[in-house]
Each structure stands twice: as structure tokens, then as C-alpha cells.
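Each of the next two complexes has chain A plus one other chain: chain B in the first, chain C in the second.
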Partner chain A sequence: MRGRMWKLAIYLFLLGFILNLLGIVTHVVVSSFAKRWFGKPLPPAFTTDWFTYAWREFELSHVLFITLFIALAVVFIALAIGFPAAYVLARRNFNAKPVLLLLYFLPLLIPQMTYGIPLATTLYGFGVGGTVIGVILAVLVPMVPLAVFVLLPFFEQISLNLEWSAQMLGASRLQIFRRILLPLMLPGILTAGLLVLVNTISNFELAFLLAGGGSQTLVVALYYNVFAGGVRPVYSIDAMAVIYMCTVMAVLLVALRFVRPTQMVFRLDGRRN
Partner chain B sequence: MARIRSDSRSELDLVAILCLAPSLLYVLAMFVYPFLYGIYISLQPKKRDAGIFSNYVAFFNDAYQYNTIKTTFMLALPTTVAVVLAALFLAYGMRRGIWFERTITTILVLPISLGVVFLSEGILGFYGHNGWLNQLLLAAGLIENPLELTHNSIGVTFSLFMQNFPFCFLMLLGYISGIDPSLESSARMLGAGPWTIFRRVMFPLIAPGLIIAFALVFVMSFAVFPSAVMVGQPAGSTRTISIAAYQQAFEQYDMSYASAIAVIMGLCQLAALVVIVLVRRRMTIATTMGVGKR
Partner chain C sequence: MRPSRAYAGRGMADSIDKLQMSITKRYGGKVVLDHFPLEIGGREFVTFLGPSGCGKSTALGIIAGLVPPSDGEIHLNGRRIDDVSPEKRGFGMVFQNYALFPHLTVFGNVAFGLSLQKRPSAEIEQRVRDMLGLVRLAGYEDRYPGQLSGGQQQRVAIARALVLHPRLMLFDEPLSNLDAKLRVEMRAEIKQLHAQLGLTSIYVTHDQAEALSLSDRIVVLREGVLMQVGTPQEIHDRPKNVFVADFMGFRNFLDVTLGKEAGGMIEAGFKGQILQARARDSFRPGEHAVLAIRPEDVRLGKSGDGVNVLRGKVELVEYLGREQEAEIALDGGARLWVRSHEKLVLGEMLDLTLPADKFVLLRRE
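The block that comes next holds the complex of A and B.
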């Protein structure tokens, strides 16, 4: 009996959480299609004009292009320099390894707002603040470690024997990489790439601190419009939020085909190695 | 070949170093260096003749500034307690699996990936003065006047909860389902009730993970920025320390003072971590981790 009450409480809690999430998301979606909406449960008339309005007024084609450019650049660089690092960290033993793992873990552990301000100061000092390059450089700080820590367990799953056998059969390092590691690591690379992609698109703090006029990502532009509330009709801001949501959802739907959700969070026991 | 020397501690050869170098240099140049640089310029005040600690002195002499620490703390602590308790409740209940587990975990991941800006915009609409919740409660006759849930600390707490709960839940679920199930069945066989099992067997095993989760959620909540601005009252009751730092940096253009505030923010988070680690030390940590569901 008590066990059943317990189960019921859990399902009620889940139901509450899901309903509340659904309410939050639906409200934004409904509002983006509303002609005028004030004090009624549903708007009296619907329109799609706010999407064209948002697309035109917020220069969303440009913002989307910038967002995707930044995201793809970050994914490419994070994988390019994270992949070899993850390989060495998974395969080799050396004295400094725990220190190195801790160092790579810090950017993920420390809130971005805390190191974002000194980082922004430094990057503005080098003259790249407010540019696309500045945003890419800043967002990479947590994304390189993220790529390393996602790739690491994938390397550990590949048997060392495969590399030894290839070496015995006379394969060069490049051949081992191209013929053995790369094909076997494909799921890992996809997982890491998609996680970095989702996280870059929804990254706010660092992109916000480094963004200038022409280098705002979608989420930063959305923030500025919500912040300047009253200047723009709220429906158009919600239309923009819906466009943002669809972008993230599209990436996420692809991602969830490859990634288990629990991989998005670091395993507690993995941290101590 | 590196393998031949595998009994020695160091297996770093030239190739390994070359593989590590780019990412290591990046972290050093873009993370460690700015951190040190931030500490350095926080000691170089804008005013020429001021002493090196004048930014810190100014911060702690200005009630408008130093009160942000209290404001942030009062937001972060209740949020963290609520998040960790709710996540423990749910993760403990789900430790042996439930219906639609994959769907549920997927739904729980959504708030993380939607990001705090979208969530805050939705919270403003749904929980706002004219939002659906107030309309529903008014129509049901449960309240007479609309509840003020946004543009104050309740809204920020709620936004932080939505953002941190899924993260904390998934972490605890992974941790709890890693505990050997046979421990629980042994306890049950020896006649322990559900409450005794939780208090005497499971909780000591969960505690280390719980403390880490608590620390992470607290540190993340302490740096709250976008939700404090959007669903809070950034000029008043939810003026957190990160807002103070941001204003110095990008409204007053005083990078030195801003870095000082960022350093203070970092030190507060560090202090919280130290306290949490000390608490963890004092507890007797059970080390029996089995291989359960993964």
C-alpha cells in the first residue's frame, strides 16, 4: 500500500513537471501565432505575420547564418584538437595525467559567467572581442574539454589489440588512424560533435559576453529582444523564440538517435579518475 | 614503441606530446591565462593613485555592491536544496526503472538543451501576471488576485530549478542505479522496512554523489545571470553578483573593477565548495559500489 502511494507520488511529480514544461513551451508557441492576445485563455485570432516580421526586423537570416557558422566552426575545431588529446588520455599513462584531467575539467565545472568576464577582458584586449572569431574562441573554452570527455570513453572501448595487430602487420601510424581508429570512432565523433553543436547553439553566457553588433548568435539576439521588452511586440519575440526552439529541436532530434540522454551529463565516478 | 615501456609510469613520447599540445595550449591560453590576467588587472585599479586592493575595498564598502553576495546566496541556496531534494526523490523512486523511462529522461533533457533564455521567456508568459496559471487559478476561484510569480526572486528560483533539475536528476539517477541491488535485497531479507533501507543502507551510499551534485548545482546557481535579468528584478531584489560584474564591465567599462567582482564571485563559489568538501569528509563514506544497472 505504502509502496503504491510512493509510486503515485513519483508519477504525480513527473506529471507536474511535464505539464509545466509543456505549458511554458506551448505558451510561447501560441503567443507567436497570436494576432492580439491579452487576458484571455487563447488569442481571438491567429496569424503567421509575426514570423515574417521577426525574420525581417531581427535580420534572422543573418543571425541564423552567424549561429550556424559559429556552431560548425566550434564543432570542427573542438573535434580536431579534442580527438588527439582524448586518444592520448585514454591510451597512455603518465604522471601528470590526473592534473591534466582536472585542468580539462575545470572549464566545465566553473560557471561560464565566472571566467567569462576575465576571458572577455583578455579577448577585447587582443581586439577580437565583439567579432565572430572572439565568440568562437570563447565558446571553445568549455567545448574542447566537452569533446575530450565525450570521446574518452569511446576510445577506451576500442581494444588495444586492434592497434597492435595493425602495427604488427606493418601499418603506419597514419594508416592505423585512417583505417582503424577513424571508422571505429565514428559513433564517438558523431556523439561528441552533436553534443558540442547543441551546446554551442544554446550557449548563452560566453556568446553574450563576446558578441558585438554583427556577431550575435540566435540565443543572444533573443535575449536582447526580451531584455528590451516593450520596444518590440511580444508576439514577434515569441516568434523568434519558436524559430530558436525549432533549430535546437532539429539538432536534438538528430542527436538523440545517436546519444543516450544520460551521456549529456558527466558520470560522477568518471570524474575521479 | 611506447608499449614496451608500459611498466614505467611515463608513456609520453613525441607523438603523444604533439597530440596533447593543441588542446593543452588552448586551455592554458584561453582559460588559465585569462584567469590569472583577471586576478592581475583586478589589482590594477583604474584610478592611478589608488592602492592595489582598492577595487576590493570599494566593493566591500559599498552596500549596493556587497549586498549582491547576500542576494545571490539567498537565491542559490534555496534553489539548490529544492533541486537536490526533488532530484533525490525522483531518482530514488526510479532506481529500479519505471514505465517509459527513456521517454521521461528525454523529456527531462529538453530544458537543458532549450537553454535558459527560452525557458525564461516561456516562464514570463506562462507564470506571468496574465499567464495561463493565474487565469486558471482565478477561473477556479482558488485565488482572488493574480499571483506575482515573475519579475521577483520566485521567478528566478523557478527558472533556475527548471534549468538545474534535469542535470541533477540524471546525475543522481546514474549514481543510484550504480549501487549494487543485492545490498537492498539483503536488507529487506533481514527485515528492514523501506524507510530503514533508505536511511541505513541506501542513503550512506548515495551521500557522496548527493554532495557532489549539491556542490555543482550550488556553484551553477551562484553564477545566475540571464534568468536573474529576464524573470527577475535586475535593479532590485534579484541583483546578483554576476549582474554587478557585468554592469562594471560593459556599462561602466571598468574592467579592473569587473575582474575584481568576478574574482570575488569565484572565491565565494570556492568557499562554498570547500565547506561542502569539509562536510563530506566528516561523513563516513561507504565505499561499497557494485555494478548495477548502467
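The block that comes next holds the complex of A and C.
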């Protein structure tokens, strides 16, 4: 009896959650296609004008380009720094390792606003505030640790013996990296890259604090336009939100074609010594 | 056995002439290897034998160059090599857990070293196929390591190292992950490859049967200290100390006080009785010592001359298949293990003869 009630409660909760989500999303989507929509369950007429309006008025091609550029740059740099860092953390044991791991974890644990403001002040001091570089540097602060923590377990399951046996077969460090570590780490690199990509596109606080006129990402632009108020038709804002949703979903779908996070861990033989 | 075509191109392996070393390894304050001395000649099969944690794998890692020594030098053919990086030493190594590259096929694994050397692909193809034939894995080229059994994986690992004609082969407990039957088979294969290809091999194991059957020489280690070096027969028949004797299957250690020596025999007082044992240099009358004897060397019944006869009661019987091993509580209070084909009955009183020439006289530790 109790088991049944539990199941029912869970189903009801799930149903409510999905309806709620669908309701919000559908409202935004429907509104973005509406010519005018007042007090009726459905708008009387549909149009795609708001999309062209938003695209033109909010310079979305530029915003999208900036967003993707920042996201890809952050992915590249976070992986370039995170890969060797995760390797060292996985392979070496030293006294300060737990402390170092905790320090790495901090930017992921504490709210971004708390360190975002002093970080922004510092970056403005260096003259990169309001620029694309400033946004990239700020977003890297939580994204490098994220890359490290995703890559770390992937490294840990690659037995040191594999590197040793490659070395005994005549491989230099570079050849071990290229022929053994890189192919075996590919799932990890893709997972880390995907998570950093999505997190960067949807990062608001740091991008907001650092972005200037020409370096707004999509979320930041969306925020500014929502609160510009009155002047913008609400339908055009909704159209922009739909574009934002579609961008993130497109990136996710493309990424998931190559990466399946749940099946990421493939069996490597060999116990760790 | 057909002659090895895999080695035909360059004759036999470019075996080393001599490897000499004396190394010390410390981890933190702990000494893992204490001035471990070793000298190995070309074509030799040397085994490092000892319980886990005795430093044998560390010693192998240092020879390979994978583990830096804390102190000491390694000389190969008279040239110092401890500052040469592992990939430039030209040694082959086989690991306990195979360490095959999971993303490469069997062919890719065996061809790995050759492709690093940028050999022409026809030569790589030929040498890999010959080598796979030699380890009886022809036809498995396109399989991945995950699709092979443990024994097959280990053969791939051996082929992967051998295909490069290593000057020295290092085996780190290569058979420990295999089941008992396969272990005996692979043991024979390794021995055959060693002889057939004229290899120089160092083999690490904790299995005394493996060490005895494979080696030209055995090096017994305990907590980083060399206990004894010798041929399998020397180690088996004439262990130099209680540790080696214990490791080689001596199960009975009698604490004795030595008496007078005459005609190559020495008297040993044991629980109020006098035993006779073969005398050895450097033992003096009055000294405390240990007499070691294997359970299978203890005979049931009284000897003709009544020398070295002890009496006791059967306390425990272990069934071993063809034989049984029993623990006997001696009249004097000590215990003795006996192995016999005859059926031993719990509680039975027995006379036991300990043949004087089967005793090994050892120093008390």
C-alpha cells in the first residue's frame, strides 16, 4: 500500500514537473510566433516576423558569433590547461594533493557572484573588462576546474603499466601522449569539452559582469533586452529566447552524437598497481 | 620445433654479454632494496624469487629504467646505463596484467614498437606475422585485447616485446593472473622461447615451482636483502638460511645445541636426545643452531641402527591427493610434519626416522 502511494506520488510529481516545463516552454514558443496575443488561449494569428525583427534589431548574428567564439575558445583553453593538470593529479601522490584538489574545487562550489565582482574589478584593472578576452578569462576560472574534474577519473582508469609498456617498446613521452593517452582519453576529452561548452554558453554571472557592448553573449544580450522594457515588443524577446534555446539544444544534440556521457567509461584492462 | 623465422633477419637476439649492478632503493625512509648486487651473463635465465614486498619487482623496474634507483650503478657490457632512459635501453618487458593497448588490435599491439622505429610496412607485416605464429596466435591479428583470454593476452604481450629483438627480457610475474593449468603450460612456452631465441631473461615471481623449473639461477630476496643466489638445485637442496629453507618447502625446523664433531658428522642435542647431522664449516660445538628437514624426507618406522629416531602422536592429517601430510606431537613436546603415502590415523603413535643426510644445518636467526 505504502509502495503504491509512493509510486503514485512520484508519477504525479514527474507529471507536474513535465507539464510545468512544457507550459513555460510552450508559452514562450507560441508567443514568439504570435502576431498579437491578449487574454485568449491561443493567439488569433501567427507570424515569423518577430524572428527576423529580433535577428536584425538585437544583432543576433553578431551575438551568436561572439557566443560561439567565446565558448569554443574557453573549451580549447580549459582542455589545454586541464589535460596536463588532471594527468599530474592522477599520476602523482604528494602531501598537498587533497588541499590542492579542494582549491581546484572552490570555484565550482561557491556562487560565481561572490568571486565574480572582485574578479571583474581586477580584470577591468588590467584593461580587459568589457572585451571578449575579459569574458573568456573570467569564464575560465570555473571551467578549468570543471575540465580537470571530468578528466581526472578518465586518467585514473588508464593503468600506468600501459605507459610503461609503451615506453619499454621505445616510445618517447610525446609518442606515449599521441599514441596511447590521446586515443584512450578521447571519451574523457569529449565529455569534458561538451560540459565546458554547454556551461560556457549558459554562464550568466561572469559573462554579465565582464561583457561590454561588443562582447555580449546570448544570455547576457537576452537579459539586457528583457530589462530594457517597454520599447521592445515582448514577442521579439520570446523569439530571442527561442533562438537561445535552439542554440543550446543544437549544440547538445551535435555533441551527443559523438559523446554518450552514460557510456563513457569503457573497460580498460589492467589493475592499477 | 621449427627454426624461428622471426629472428631470421638479424640472426639471434642481440643478447647482452654482462649486466652488473649494485643498487639501493629507498621510498621515504624505508629501504626497499639494500645494496642489491647482481651479475648476469648473456643467455642466462635468472629469477628473482621472494614473497610480495621483498623488493623483487622494484629491482626489475630499476633495471628497466622505469623506477629510478636511490643509489648505486648499473653497467651493461661495461657501460653505465642507469642514466639511459627506458625507451633507449632496448629491453623488453612483460607485465603481470598484460598491459596491452586496449584501443589497438593484436596486430597493432605487436607492431607498435616496429612502427615507432619507422620500419617499412612490408617488414612490419612480416615480422609481426612471424612472431604471432611463434606464440601460436596466427589468425588473431584483427582481434582486440578484450576479446582474448588471459593466456592469449599474455602471449600477445610476449610477442610485442620479442618482435623488437630485446637485448634483455624482463618478466614481472607474467603468469600470476592465469589459472593453475595455464600457468604450467605458459611456463613451458616461456622456457622454450628463451632457449630457442637465445634470450637473456630476468623473471620475477613469488612461485618457487616456477623459479625452479625456469631458471639457470635463482636470486632469493627478503625485504630488500639478498638471501641466496644459486642454481635451482642449490637453492632447493642446500638453502643457506631459515628464510630460504622455509620458502623452499622445509617445514620442520628443530632448535638444537651442537655437540662434538666426528667423521664428517656432528651431534645435535634436541629435547634431551642426540641427533646426528652432516657437519658444515663454521659451526662449532656448543653453538645453538637449527636443523631443517622436509616433511617428505622424514621416514616412518625405526631405522636399522636406531639413529635419529623420534616418537610421537599424530595430531592432524592433511589429505593431499596422492599423499597425506601429518603433524606429529613429539614426546619431548616439539612438533614435526611428516609426508607419507601410507594412511596416517589420528591419535596413532609413530616412530619416525630423520635421515642424517637429509638434514640441513642452519644458523639460528
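The criterion applied here is as follows: the second predicted complex is superposed on the first by the 253 of 273 C-alpha atoms of A that agree within 3 Å, B and C clash if a C-alpha of one lies under 4 Å from a C-alpha of the other, contacts with A are read in each partner's own complex, and residues count from 1 in each chain.
We adopt the following convention: contacts are C-beta pairs under 8 Å (C-beta built on N, C-alpha and C of every residue); 3 or more make two chains touch, one makes a residue touch a chain.
What you see is a predicted model; the values in this text were computed from it and never measured.
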Query raised in the report: Can A:198 be said to touch chain B (first), chain C (second), both, or neither?
Result: first
Report task. Could you look at A:118 and tell me whether it touches chain B, chain C, both or neither (first, second, both, neither)? Result -> first
Query raised in the report: Regarding the shared-chain residue A:6, is it in contact with chain B (first), chain C (second), both, or neither?
Result: first
Query raised in the report: In the superposed arrangement, which partner chain does A:180 touch: chain B (first), chain C (second), both, or neither?
Result: second
Report task. Have a look at where A:107 lands relative to chain B and chain C in the superposition and call it first, second, both or neither. Result -> first
Query raised in the report: Any idea whether chain B or chain C touches more of chain A?
Result: B
Report task. Tell me which partner A:164 touches in the superposition: chain B (first), chain C (second), both or neither. Result -> both
Report summary line: Intersected contact list for chain A, partners chain B and chain C 164, 167, 266-269, 271
Requested in this report: Provide the residue numbers of chain A that touch chain B in the complex, in ascending order.
Outcome: 2-3, 6-7, 9-10, 13-14, 17-18, 20-21, 23-25, 27-28, 31, 38-39, 41, 80-82, 84-85, 87-89, 91-95, 100, 103-104, 106-107, 109-115, 117-124, 137-138, 140-141, 144-145, 148, 164, 167, 173, 198, 202-205, 208-209, 219, 222-223, 226-227, 237-238, 241, 244-245, 248, 252, 256, 261-262, 264-269, 271
Query raised in the report: Which chain A residues qualify as touching chain C in the complex?
Result: 159, 161-162, 164-172, 175, 179-180, 183-184, 266-271
Query raised in the report: Where on chain B is chain A touching in the complex?
Result: 1-3, 6, 9-12, 15-16, 18-20, 22-24, 26-27, 30-35, 37-39, 41, 86, 89-90, 93-94, 98, 102, 104-126, 130-133, 135, 162, 165, 167, 170-171, 173-175, 178, 194, 209, 212-213, 216, 219-220, 222-223, 225-226, 229-230, 242, 245-246, 249-250, 255, 258-259, 261-262, 265-266, 269, 289
Report task. Spell out the residues on chain C that touch chain A in their complex, using ranges where they run on. Result -> 64, 66, 85-88, 91-93, 95, 97-103, 112-113, 116-117, 145-146, 153, 157, 160-161, 164, 170
